[in-house]
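Shown next, in structure tokens, is the structure this report addresses.
Per-chain numbering from 1; labels A, B, C, D and E assigned in written order.
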């Protein structure tokens, strides 16, 4: 097989090469299409991430509440439910099964559903990390916060969560990268993201290798960008003195 | 000021506190000692309800701590506590450590809180470190900040849980000095410690606990150190062990 | 490469099949059936005779839309008889046997929907399957007809049909054989009907490695024989007009004029040549 | 939509469609876990070796693998491996290779964290007793690291089990595929997905429950 | 027995050891003390090459430790080391902790190793705990097992790095007793500790280090404790601080 990168410059309708590779006046080339697909991938991922972070922080926190076995059990159930069923299957449940129970859900577009599914799925994993982050904090920190007169909510808000989130930045980084990769399930509910582009474009152009290479490259670029952003966040959030203190040897 | 009446506490089936009763008057300095696992930390934590109790009554400044209806955060804001491992908030600067609870709990303005906090920081001799983070301070310095943090809440009583046992030997002195100063100023204090020098110098009373959370001795400093013949064997054993070297 | 020599040497042939298309599907347990699959088995029987082999083992390799072309070019599969459209783009990489079936892209709707032709789709949502040529067809029709509809994509045909079934889509545009098969397997086949004009015509053929004239000739000859002696027509009747497993329902899709024409003059013209007519 | 049809769930469905896929999914999970842990340990040791010529390639490999969606890796191995070794390989073999190579990147990160969680004091203690690097790893560090990271290892294995469904991309036949194909051919996709969800949940939950028990049993007494 | 000649070591740009020289003869007990971060732990770790040095020479039993060609595992197997945090192997029982290195490093048979190990365990008074895991023992007991583990390798010298500083006060005594016993038997020992009672009782020499890894004092016990006028100001300061309470 020989390379044929020209295919990205072709118009999606007429299959003729377009000057400059970007379509004009409503025409779109495969390059246009791929970039817009990348946009969808990024949007799905970021929104899911937002949802997963909020839910994950909440559920993870609930699972560490002292003296509330009921709430802790509820949090555990949440985590077990959403992490033990494959994402694709969960998405299907959202798309086809939930609307049979709540007909109103039928009007919800696939984009929202995939954000819900991916967000809930990832929230279970983030909840697990948040819980372990809080639990690795010295027990004295919780006592210290309470002893200052903080309410439980304030203890979490001002002391436990800020410290726990700093600890779990590395696993959160992998989880964020995972969201980008997992966002590919969105094609199953008709969101025109990168994987759907890859499947459709390789079918139309019969240039599978080139299409897959380009799409893989975009995924790698996305993952790398996330990795850099999180490294930056980690650096910004780094607590002065803490690393130096633990490096000293005895 | 503080009164414990027949306090008992269990972890599951294991009894950590057995029928503990004592009272601490305003201005008194009480030292609690005893072997490891005897429930000293647990006892002191029950006083501001960091650990719930299953039986008995605890009164702090006429507030019933054991009563479920008591506003615990409010009570705790008046009870200063200093921990073995300092427990400064590592992600906040020294100044923020000193002010955050004043602002969020006592509702003081940022300015007022800062003023009060820095005054206390100055008192423990660490003004120069106000913008550092806890991780950048030595153990002794961290513990002094922790004391200043508790003081800046204007506590009516201070609880200490082995405040020097995690420190390098040369830093013990600087923390004890601050505590001696507090005692001399008339602060009501309850202090778990094995520093018998400190107990000798400033305590009014000594409580000795034994495994199972029983109060074996509760007597004046003088009785405790100078009349060993009146003490129980268990107490004498313990004192021998920790005073020998 | 010389596929015939390879088959002779190894005593086995690898046939690319599909898991759930109208022309080729699985019954589970490694059993693959369907009109195109059975035809391919007859081709293999002819190959065995031609090569004079006492025994020729057939290995079935399920393929997907995404991997069928690479699998043929890299030699994993010797020839593929699923539901692959013969088009110019693919002819750059692979060769096709003579057309065995002419697919017509049409529209399935709910029987009571009142939709009867493409122009009725204006303002409606239309389902089709990701990774198929129907997506392009749909796009072209939308552009040409000046109509405006919302496209929803299923990840496979069953998914797309489910979109229609559950009301998420008002129509399902796809190969007629697939539409018919899905309707026949649904809970109430009478609820659905296939309507409207033929949106596009696509020759379906077995896919082979490029530049292996001997093998292509052998396959073509076998297919031509099956057309000539009427056995292919009987096969068509068996798979489209009679009850078929696993549910023992009839697909009920009579032989189209286009397919008859293709059988009358066996050829391997790509889809583009049909469009010109 | 009309009600669900439970007559769909019968033994034929399971024996004809699901069992083969289930076997493949489980086989793939087991093989990839064992292979991934072994290869991952090597990668982790390379990254912890402090030698640039070992560390850099391992880091590139791990980070590369971790930034590509698994489906893409599956496709690449399947499409390119034959070109590299000069003869076609089956979907099953290809899936096994891919999963070992891919999961090793994740397992190596877990192993690395596990090894790093062992305090320097323990490393020193082993050395001070005269143990060589290899003895220290084998007798002191890895046994503790394994116990510490068992729960994370388990979570990754559950993810791995769920990820086996991605072999659809190369036409291999896994558990989810079994349900899907049955659902399609019987016109009962919803019932098929529901059954798949339940079976996945039961299996993954049982797995995590079992490992939690195991972890309690072999956990280090502290 | 042990000789250090002009040893220097850096972490990056930071010099932890500066030109340290000393020698320890057979049967001598040397105590090393000094403020936190002065490089005491680092110094003692260089002796069995747990930390590499960049300059100078170290000889142990006439073996050049600084020589890259030296078989370090072999050397280390003859040098017993006891750490601040015990560092027993938590996944192995007490008996296994005692025997594993004998079997794998010295190549002793399991029986022989067990016999030797249990003898040492008996010597530290913990025979009753031979089948427990480290996590089931108190700190003082763990440290005594750690000493037994080192002894069962038949070391020619024992190195201790703050062996009592992580212990509860009442447990310090039991560990010091074992060490005093060893010293009286004539074991060559080098011991980082702040237990001045121990230093007074059994040491032959005291080394005092200051920040930057400089050896400020290296003199006999008598000179160190009884002639403060001859000591440097830094040393006197430090002694004052840790002896005050």
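Assorted remarks:
Note that contacts are C-beta pairs under 8 Å (C-beta built on N, C-alpha and C of every residue); 3 or more make two chains touch, one makes a residue touch a chain.
Since we're looking at a predicted model, the values are computed, not measured.
Connectivity of the assembly in the absence of subunit D: the other chains, held in place, remain one touching piece.
Counting hops only between chains that touch, subunit A reaches subunit B in a minimum of 1. Among the other chains, C has the CA centre that is most remote from the centre of subunit B.
Averaging C-alpha coordinates per chain places the centre of subunit B 50 Å away from that of subunit D.
Annotation: 81 Å between the Cα-based centres of subunit B and subunit C. The centroid of the Cα atoms in subunit A and the matching centroid in subunit D are 20 Å apart.
The mean-CA centres of subunit A and subunit C are about 37 angstrom from one another, to the nearest whole unit.
Residue positions of subunit D touching 2 or more other chains, listed in rising order: 1, 75, 79, 121, 189-190.
Under the contact definition stated at the top, the residues of subunit E that touch 2 or more other chains are 83-85. Counting only residues that touch two or more partner chains, subunit A has 96, 100, 208-209, 249-250. By the touch rule above, subunit E contacts subunit D in their complex via residues 45, 48, 50, 73-81, 83-85, 87-91, 100-101, 104-106, 133-136, 149-150, 153.
Contacts from subunit A toward subunit C in the complex involve residues 1, 12-13, 15, 96, 99-100, 106, 110, 187-188, 190, 192, 196, 199-200, 202-206, 208-209. Contacts from subunit E toward subunit B in the complex involve residues 35-36, 138, 165, 168-173, 176, 194-195, 197-198, 238, 241-242, 244-245.
Residues of subunit A that touch subunit B in their complex: 67, 138, 140-141, 143-151, 154, 158-159, 162-163, 166, 239-245. Touching subunit A in their complex are the following residues of subunit C: 65-66, 69-70, 73, 87, 89-90, 92-93, 130-133, 135-136, 139-140, 143, 151-155, 159, 162, 166-168.
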